[in-house]
Amino acid sequence: MVRKRMIYVLAIVLVVIIVAAATVYFMPRPAPELVIKVGLLASQSGPFAPAGALAMYRGMVIAIEMLNDRGGVEGYKIVPISADAMSSPDTALREAERLVTVEKVPIIMGVYSSAIAIPVAEFCEKNKVVFHDIVAISDEVTAREYAYTFRIQPRGSAWGEGTVEFLGELGYKYLGYDMPSKVKVAIIHEDGPYGVSVSDKNRWAVRKYGMQLVLDEAYSSKATDISSLILKLKAADPDVILHTGYFPDIVLFLKQARELGLKTRVYIGHGAGHANPRLLAESVGMEVVNGMFNIDPAPCQLLDKAKLGKDPYFGVPIGELIDEFLDRYYKKYGDRDPPTHATQGFAHVWTFITDVFSRAIRKYGKITADTIRMAAEETDIPEGMTPAGYGVKFAPSGAKDKWGKPWRGQNMRSYPVVYQWIEGKHVIVWPPAMATGEPVIPLPPTNPLAK
Amino acid sequence: MIIEAFINGLLFGGVCALVALGLNLLFGVVRIVNLAHGEIIMLGMYGVFWIYSWSKNMFLAGLVTVSSLIPFMVLIQKAVFNKLLKAPGINQLIATGGMILALSYGAEIVWGVDYRSIPLTFPIAQIHGVFISISRLIAFAIAMSCALLLYLFLYKTYPGMAIRAMVQDSEEAELLGIKPEKMYVLAVGITGLLAGIAAICLTLIYSIHPHVGGEFTLFAFLIVVLGGLGSLSGSVVGAFIISEVFTISSILVGLEWAYVITLIFFILILILKPYGLMGRGE
Amino acid sequence: MAVNLFKKIKWNIIIAIIIMFLILPILPWRYLIHVLTLIFIFASASTYWSFMGRFGLVSLGHGAFFGLGAYTSSLLFNIYGLSPWIGMFIGGVFATSIAVIVGYPCFRYGVRGAYFSLVTLALSAAMMYTFSAMRGITGGLLGLTIRYEPGLLQFQFPEKYYYCYIAISFWLLSIYIWRRIEGGTFIYALKAMSDDEIFAEHSGIDLCKVKLQITMLSSFFTAICGTIYAQAISYINPEIAGITWSLEIAFIAILGGLYSMVGPLIGSAVYISFSEFVRVLLGSTLVGISHLMLGLLLIVFTIFLPGGIWGSIRTILFRRM
Amino acid sequence: MIILRVSALSKHFGGISAVNNVSFEVGKGEILGLIGPNGSGKTTLFNLISGLYRPDSGRIIFMGEDITKKQPHEICRKGIARTFQLVRAFPNMTVLENVVVGSIFGGGIKDLDVALNESRRICEFVGLAGKEDTPVRNLTAVDKKLTELARALAMKPKLLLIDELMAGLNPVETEQAMALLKRIREQGITIFWIEHMIKAVVGISDRIMVMNHGMKIAEGRPDEVVNDVRVIEVYLGGRW
């Protein structure tokens, strides 16, 4: 009896192994003519997924659908080969390995988390495959002179710098100070690469403006109790809290902050969970997120369509593309106001394929990792000519940013904007060129965190 | 600040204790180290969430969740635990480890990966400038009353005593005519009950996602082992010790190192008292 | 009779592996080689784990040793340019000393069974949090990418199959070491210990010493596995010191059946190829399904095949439990 | 010449004193029997000598060396081997392996082959010839006892502590066991044994010691002891 069962189970095992071998064997299918395979690597499962990775993936997929519906680029259809990174670098690497060696893709696009982007970038460099980083923002990704890594997305330093710049140039006035150096700032961040790279530049800029840094602490985004952090914040009594977190940790923070009576005058988030105030509001109540600032590339629904031009490749107004994208997103996923990560997924994929791929085909006649790379190096799109609003030009080899760090492959023309969630609407408050309204400082009295 | 931290630690400890108690009861009676206890609570949290958002009635939500978790646990007992009773400990760990994957990713398939949480907001309580988190206070109160009821049940009722007999010496208990199978079902049922209640408390504090369970399991284990496997009072004490060590050390050295310190503290204690603070040994 | 059969089986495997050595470079898909490398690295790790595991020292902290080995050699290489070939031994020594620091008191004061397992579990958790908290050096959760300088001395090669060779030979080494132990007198102490500790003590066996010796051996080589992994993947992050990995190492050994030498290999072959296969096939169509199936598989296996896959095959072949 | 000297040895568990201020000596080459009703502290005394328990007070001198605070394995290597009341052996090892363990770690034989031959010889000596390769868990109770004894002998002990050898043996086996004990003694091994079967004890012991409630109540030549009033009281009426 027992033995019977065992034989039964063993049979299963054997089948499994055989099928496994079979799949590996049959996986490299011959690609038909005029097709470009594109690897889409995104954490569709695991903790990163809800924090924006899934939204990014959806944006990417819609971009490719819209392209193919318009006949693709230069007659080539785009075949997305999606792989789930499962929020784990280890898995991401195995999937990358598979995309490159089995599917033979010339380019891998995607990646939400910097912890995944860095090893993947390194892997692609080794294997001479283009890596187009869509959302991950850690400076490290483009700080290594990699020839095959490109990123339209701004870098984490732009986040960390941007918010403080906003305070130092504009915000301090609203706080009733005559000079930035009077502002008392607290920096808190999750201890992952994302939080670290953002908060580094927070620190740098805070020093630049001579503000008073009253607290600076990291926490694990998996933490189940951060009340101690909040108590420290209360003791430090800052005017401004600069917070970089994923999602559950932000909810936990806001809930405990409210309950432990934390008071502050300005609360500024740096992307991820903060980019989705509706979801936060569901968890902690609308009044808590009301008046919250966040920095991110503007979700396309916020962009002033009048300022956007015609799409360089298809010649249709970018405004229309955005509407179509939002419409498809709503039809497919039932969300009228998708988080900014969706925009990034859509806009960056769209731009990269229409601009770089088309040039590669026209100029070099074929799509390989190297033609893509060369084409990308020549990219030069002015402000307002992409669905993300900003222009695109990748930093050449050897170029250094203002901190003297290399940033080869980094888009030099992209920037995040500071916007405030006020009375259920987003208002862009920084930089002035993009501003759609005045910031509300300090926090509205209805907000329990308000002083 | 330290005082406030201490109080928070205390409240946090209450929540941890609730998670740990179920885990420990299961071990004490069924002799199963259930790594997936956190995941079961996670299921409960989803239950609470859905029923609440449908009915807007916390009590109903809690009631339904608890009453559905109990049979669920019994089911697991019949399907998995019973088959592992004779197996070596490591096999149990693997099977229950497998349950972690199965449950959390099963939840991911069913409910998706989005974070959910109940938009319940509590008034802010303040005594002499010391703020107290109401949600945690509630959780703490529930936890403590559960511990008390459990105590009364175990020490004042016949089935309770039978369970204790099982915990102390299962062979002896059998000689006394106690049917192990029955006790298993009873204990597992209670575990389910506790898990359900823990789920209610946690939904008040944390946002819900398929992997939320794992975040408590480690703490729960530290507590159970520190207090002594099979010693319920130990679990409660252990919960407070661990949470205080964690909270205080995170005030002193920051949250990141707090984990390391807590774990090292745990290892030291266990080396000094090999069977936990209140453990009886083998 | 079983013994002879064993010898035979062992030889078959040796031959099989020699053949594999020959065909590896001409295998068309590097992905397959990549997976093979992983399989053998994990196989060695869990073989070394089973040195302890099969004698009732169920460690759930081998991830700590694995990670320590990986980080030590990688950091030494990245910062001081010290060749990982040397670094891996230093890592091994570190791991061993940690093992002694935690192990000695445990064995001396009789921390046994589940308690021992959970102490080791805590150890690996502590190790993980330490790595992520020492962000300055280790890069925290950002992980650590090993500087890429191909070269034998740097332990880095342009082609994947070199790593596969190393992994395979390292696995063979683990088998060889196991044979040596089985041949000697040490095995009697171990067997006696796992059978009846008190009686073993009254037979003149110094339990503490024996346990310590086997633990040191196991941790040392597990650490070296870590280095090989780090070099093969050229990226590590604190997770590899964490609980998940510790459990995986144990899983694999049990899955394959830890009372035989090939068990761990079979275990890791099944575990890894299955998880890869399910993920590749269903990963992005029905998200999460792969882990779900893996979980169910683990449950089914431990319930129906308590002896592990190989153990059960043996049972069926030789009609003995 | 004295091989083992125990002086004022006491051990308490909670309130009850299992062994209370017991002193005695074992001479080289003799057979000392230890009798007494159940719970009189005989086995506890053995556990103290073999190092399983730490005594609360008192000293144990073996061959002029204080072994009171030593660990079991050290005491084994000094030359004290013991068997257990509830038979102990390594169930998943074969008889031979069991004995080999003794001869390697107790007897201090480093070379495996030597140990194996040695062990075979001992198996034969105790009458386990032909059963060497059977796993112990498949043995009869008697053979288990013999295995345990063989393992003890393999440790080349100077002093052998035997706890209840005869229990559950039929008359024939009892005879064989007594013969075996004599042969062991002929090898110059001192024997200190607990036995309920008074007949057997009186039969082959040179001296007998009687314990009750953790205290030594009598000691002397068998015929003296069995006629001792206190002993007869202890064994109500003492008819056998």
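When the chains are written out, they are named A, B, C and D in that same order, and each has its own residue count from 1.
Simple rule for what comes next: a residue touches a chain if its C-beta (ideal position, glycine included) is under 8 Å from a C-beta of that chain, and two chains touch if they have at least 3 such contacts.
As the structure is a prediction and not an experimental result, all values here were calculated from the model.
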| item | value |
| --- | --- |
| Any chain in contact with subunit A as well as subunit C | B |
| Chain with minimal offset from the mean of all protein Cα atoms | C |
| Farthest-lying chain, centroid of Cα atoms versus that of subunit A | D |
| Pair exhibiting more inter-chain C-beta contacts, C-D or B-C | B-C |
| Mean-CA-position distance for subunit D and subunit C (Å) | 44 |
| Length of the line joining the C-alpha centres of subunit B and subunit D, rounded to whole Å | 49 |
| Distance from subunit C to subunit B - Cα centre to Cα centre, in angstrom | 31 |
| Inter-centroid spacing, subunit D versus subunit A (mean Cα positions, whole Å) | 76 |
| In subunit C, residues with contacts to at least two other chains | 129, 132-133, 287-288, 291, 301 |
| Touching two or more other chains - residues of subunit B | 105, 108, 113, 256, 259 |
| Multi-partner residues of subunit A (each touching 2 or more other chains) | 45, 49, 191, 218, 220 |
| Chains grouped in pairs wherever the two touch, ordered by label | A-B, A-C, B-C, C-D |
| Residue numbers on subunit C that touch subunit A, as the complex places them | 29-32, 34-35, 38, 129, 132-133, 135, 139-143, 145, 148, 233-235, 237, 239-240, 269-270, 273-274, 276-277, 279-281, 283-284, 287-288, 291, 300-301, 304-305, 309, 312-313, 315-316 |
| Touching residues on subunit A, where the partner in the complex is subunit C | 3, 5-7, 9-10, 13, 16-17, 19-21, 23-24, 27-28, 44-45, 49, 82-84, 86, 88-91, 93-95, 97-98, 101-102, 114-115, 118-119, 122-123, 125-126, 138, 140, 191-193, 196, 218, 220 |
| Interfacial residue positions of subunit C with respect to subunit B in the complex | 53, 58, 60, 102, 105-106, 109-115, 117-119, 121-123, 125-126, 129-130, 132-133, 243, 247, 250-251, 254-255, 286-292, 294-299, 301-303, 306 |
| Interfacial residue positions of subunit C with respect to subunit D in the complex | 184-185, 188-189, 191-192, 195-196, 198-207 |
| Of all residues in subunit A, those that touch subunit B in their complex | 45-47, 49-50, 54, 191, 217-220, 222-229, 231-232, 234-235, 247-248, 251-252, 255-256, 258-261, 279, 281-285, 448 |
